[in-house]
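Chain lettering (A, B, C, D and E) follows the sequence in which the chains are written, and residue indices restart at 1 in each chain.
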């Protein structure tokens, strides 16, 4: 474990940017604001790259660099440091966070150009990068929790960025409260960890698990894992706490790209990856993770089919893709999960940026039914968007194919997976391809259905927006080539083609998840099935939305109950409302207010204490006559009596 | 009155300006001290009884009456000066000398010097150049009566009392 | 060193201070009496510091002198305020708490 | 021996001045007697090898506190009409109680016998005390400094007009 | 030993009182020379005027034989003792000022200061803080409003400036790392960069710039003589004083001037240190050996030269600058000198840390 003394710079730069913009932004001209913010993030990215190369210099087995900045809490036997940790996992993650973050900062210059609260936006964005890098680089779970809460806060602030709009402010609150529920579990997990491990440092915990893992209570480990996973379901939008993410689309689109697609929502995945040993020791918890993830992936995908809001579709697709990642985590294919996290960050950020570009062009219209035929107006957006769509659909050789296929294959091959999970994965892949191409066709193909006043100023976005998109598109294509599975690699004669997994291997090596061994032919077949599924989805979409545009309506009418169910997202929000929110509201109204507040708090607590004070004071006021000397006299008298008693006794 | 002067940073740091003031006073001190040491006078002060200020040629001091060769006043008691005197401090009683019937002479010629404003009109008015002014400004005396300068005093004080250091230039 | 004598001195000063606080009406003299009590304590601190050759007593005495300075500063501020509102320094008349 | 004698002389002076302080009617006189008490105590400190503290006693107590008290008394400059004391029974009892307390304390103190050891020659020097203050007693020192700051602000605020 | 101390006390008090007496003459004569005047020179004995030096005697005579008028309602006792505070505190302060390097008499080292105290600087401040009692008691005891106003002004000013003074000097303490004034002077004999004497003014210029106005204000000299601002409050706290009691205030003020000059000399101008003169002789392009008695004499003369220069300087200041307004005075003390003093402490600390590593 070597030291690396400049790691603190990564969170430091955005913090400086946040302080400058947050304190003085109101007075600063716009160019200064975005220069400050961008320079801060790009500096972070540069430092991250330098750190990454420094990490590469170390022998693969010992790739753990720490930056002990400051001893934060030191009490009893517990020591919590502000200490940053760089290993392959956090290195990948920090590169993604700062890299994508930097690109989106650039994009935001164009997108947010006319916003009156320009400085606030960039300040929040910098604060987000700061929090996220804390989360990623944290070397103990408490510091990670600081980042975890920090990103939650930024997410809340940015979803409710246009807080003048009641609905958007409500979406922010919803995200915040839903996250709180998850955080509750997370805190319980931390406390339980403290009880079990007596330390909160990841490296220490891993050591304990490696050397004394067998002696620890599996039940306790399972509980910890489940509690932490509850936190992850909140942050990473898994069932049952995913409901906030679609509403989070109320925020500015670059925010959706950065926070609600590429980085923050993957925090849960990252957390499980960070604590992979713990999860490996708790098979039940892993099974729960896999099950929840599979369900999330499937149901979110189905919900995406019927959505008409361009960003909502992407939101549900994000939930679904996160489901994939958790599925990988759940079956023990940690590297595959992280790999998908990375590729997903590229293409999903790109999709959001593309949709942002579209929304920008459409003067704020987000309903796909009013779009169509945008291909000829905005070619760059179209081509990049198409790239990302192919990537997410899992078409080779785009990035999504490699990562997704690896997850699907792992879910079958892993000792902790199975055919059911594999089937869910494949079906979800089909649906994914379908709704993504539905999105593309409805938006870019066909004839333009937009209102007249919008139509004549549809335009391609400025370079400051398209260049990040192009960069991300390139990454969406080549980003997957670092993790080519061995069978394909053999085809091209490349040994050790899965560099990515090899790079991450030291981190996950001790988890010891067993993968069944199958022949290469089997693997090829499975690959063919998933690619075929994706192509099938694309074909259906092509048939329904290009060839027979009248058909979708007919189908919808034929299966009206199902359509309605999907369109209303399985009524989950309503169920939650009647199951939790409404009862609480009723209890508050009928019991807490009418009885507890009026009688207990007001009656006994407030008025009662006042009455008892008044009663006591009526007696005591004869002693309290306002003459200081009498008080002093009583005081001295008391001393005399006590001393006299002590003398005589 | 509104005080509009704003201090700049130079004035606000105080010390440069203080040092400038200090330099000025010290310059005076040392140059004067050097003068004293080298035996010159390093002050503008006159040590009055010992030293006297140089007096302007135009200075108008105490009056005196001019004598003829024979020791009688030149004055012919024409009252010109008394008439002209703005302060009305000249009092003349004319008399006739039977020996010299062609002109009068002053029997009494009194100047109330405590009222005199030293305007010099009497001198200007005199047709005979009989009254003149000196540079002498030592007027102090113990009684009011002593300040009523009689004819005798006006005729003769120059010879007895006039400060010999002061050149007498009549006008 | 006559430590016992010094202790008795401190006790006497302490009692003088206590008596002054209890008996005198003038708030200034009461304040000074309180200071006297503090000084009696300081005397004991320094005496024991000397007796046990431990600088702790002197440090505490130093801190207590600082404390006294703070106390006097605030106390006199209060007196000025009282004088302004009540126009008196007689503690018998400063009994607004009663009403 | 000389030191012991001087300590007793200073002590007697302190006690006498203390008595005068609470007996004088005019607070300015009281304040000056108070100053004398502090001065004699400074003398005792100096004789007990607490030179630094003796000087601090003079600097802070005599130079600042007494001056401040005199200053405020002179500033307020009240007439002494109200200060003719009413001798109440309570005050009589107060004196008696104080006397009892005195006797009780004498019982406690009289039972003590402090031998004492000879401190090293550098004991009580500024460097020594400073070292102790800024190492072992740093926390109380910081607390006191914050207290002092609070007192300054509070004093200004309280005494401010309006 | 005892005898030596008594001799030193007599010497110091004698010198101080002589200086104070001379200062009554210097004050007038220097102002006269500065202002292109002649100054007092009328008194003559047998026709000898001696530049007006005999005025000292006549002034003293006048003060002794004038009627000592005490108004009816003053508090007699306090009125009587008030002038003693500033006078004796000013005299006592000088006890810790070294006026020469230690000399050896009969195998025993004799410090050329009355007392070498471990906390000499604290002693200096402690004793000079006693001087405040004089004006405030005088003002109160006089039972007169101008006197009271003057006393109040004096007390407020002196208490305020004591703080400014204390803060401004801490830098010097930090640099020389001691409170012992004799040691401070000894340390000022070292050389900085091998050529610059390590005098206070060179190592702590900011402290000097803050200390100078603060100590002038502390002694109520022009331009900070608000307590006796004759254009506003007659003569301040000594309005009701006459004859020798007034003379005590007057004398105390002159003693204070002398003491202030000595303190400035000691803390900022190297005290008795002659540049490049060490215990064995001059170190100036080689060593020029000198006998020790000569060195001691040179050093005492150096001290006196610096001291006299300081007195001249203070008097020149007195005759140069106009009086401040009271709010300006308080603003200077609390808002300028105090914060800059704190800044100076911080800077000094940083520099010392950098140098010491």
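For this structure, a couple of remarks:
One rule holds for everything that comes next: a contact is a pair of C-beta atoms (placed from the backbone, for glycine too) under 8 Å apart; a residue touches a chain by one contact, two chains touch by 3 or more.
These numbers come from a predicted model, not from an experiment.
Shared contact partners of subunit B and subunit E are absent; no chain touches both.
Relative to subunit E, the most remote chain by averaged C-alpha coordinates is A.
By number of C-beta pairs in contact, the leading pair of chains is C-D.
With centres computed as the average of Cα coordinates, no chain lies farther from subunit B than A.
Each chain gets one centre point, the mean of its Cα atoms, and the points for subunit A and subunit D are 65 Å apart. In terms of their C-alpha centroids, the spacing between subunit C and subunit E amounts to 34 Å. Put simply, the C-alpha centre of subunit C and that of subunit D have 6 angstrom between them.
If each chain is reduced to the centroid of its CA atoms, subunit B and subunit D end up 72 Å from each other.
Subunit C has residues 18, 22-23, 25, 92 in contact with two or more other chains. Across the assembly, subunit B contributes no residue in contact with two or more other chains.
Residue positions 629, 633, 636 of subunit A are each in touch with at least two other chains. By the definition given earlier, chain contacts exist for A-C, A-D, B-E, C-D, D-E. For subunit E in complex with subunit D, the residues that touch the partner chain are 75, 78, 117-119, 122-123, 125-127, 129-130, 132-133, 136-137, 139-141, 148, 151-152, 155-156, 158-159, 162, 179. For subunit C in complex with subunit D, the touching residues are 1-9, 11-20, 22-26, 28-29, 31-33, 35-36, 39, 42-43, 46-53, 55-56, 58-63, 65-74, 76-81, 83-84, 87-90, 92-93.
Of all residues in subunit C, those touching subunit A in their complex are 18, 21-23, 25, 30, 91-92, 94-99. Of all residues in subunit A, those touching subunit C in their complex are 624-629, 632-633, 636. Here subunit B touches subunit E in the complex through residues 15, 18, 21-22, 24-26, 28-29, 32-33, 36, 42-45, 47, going by the rule given at the top.
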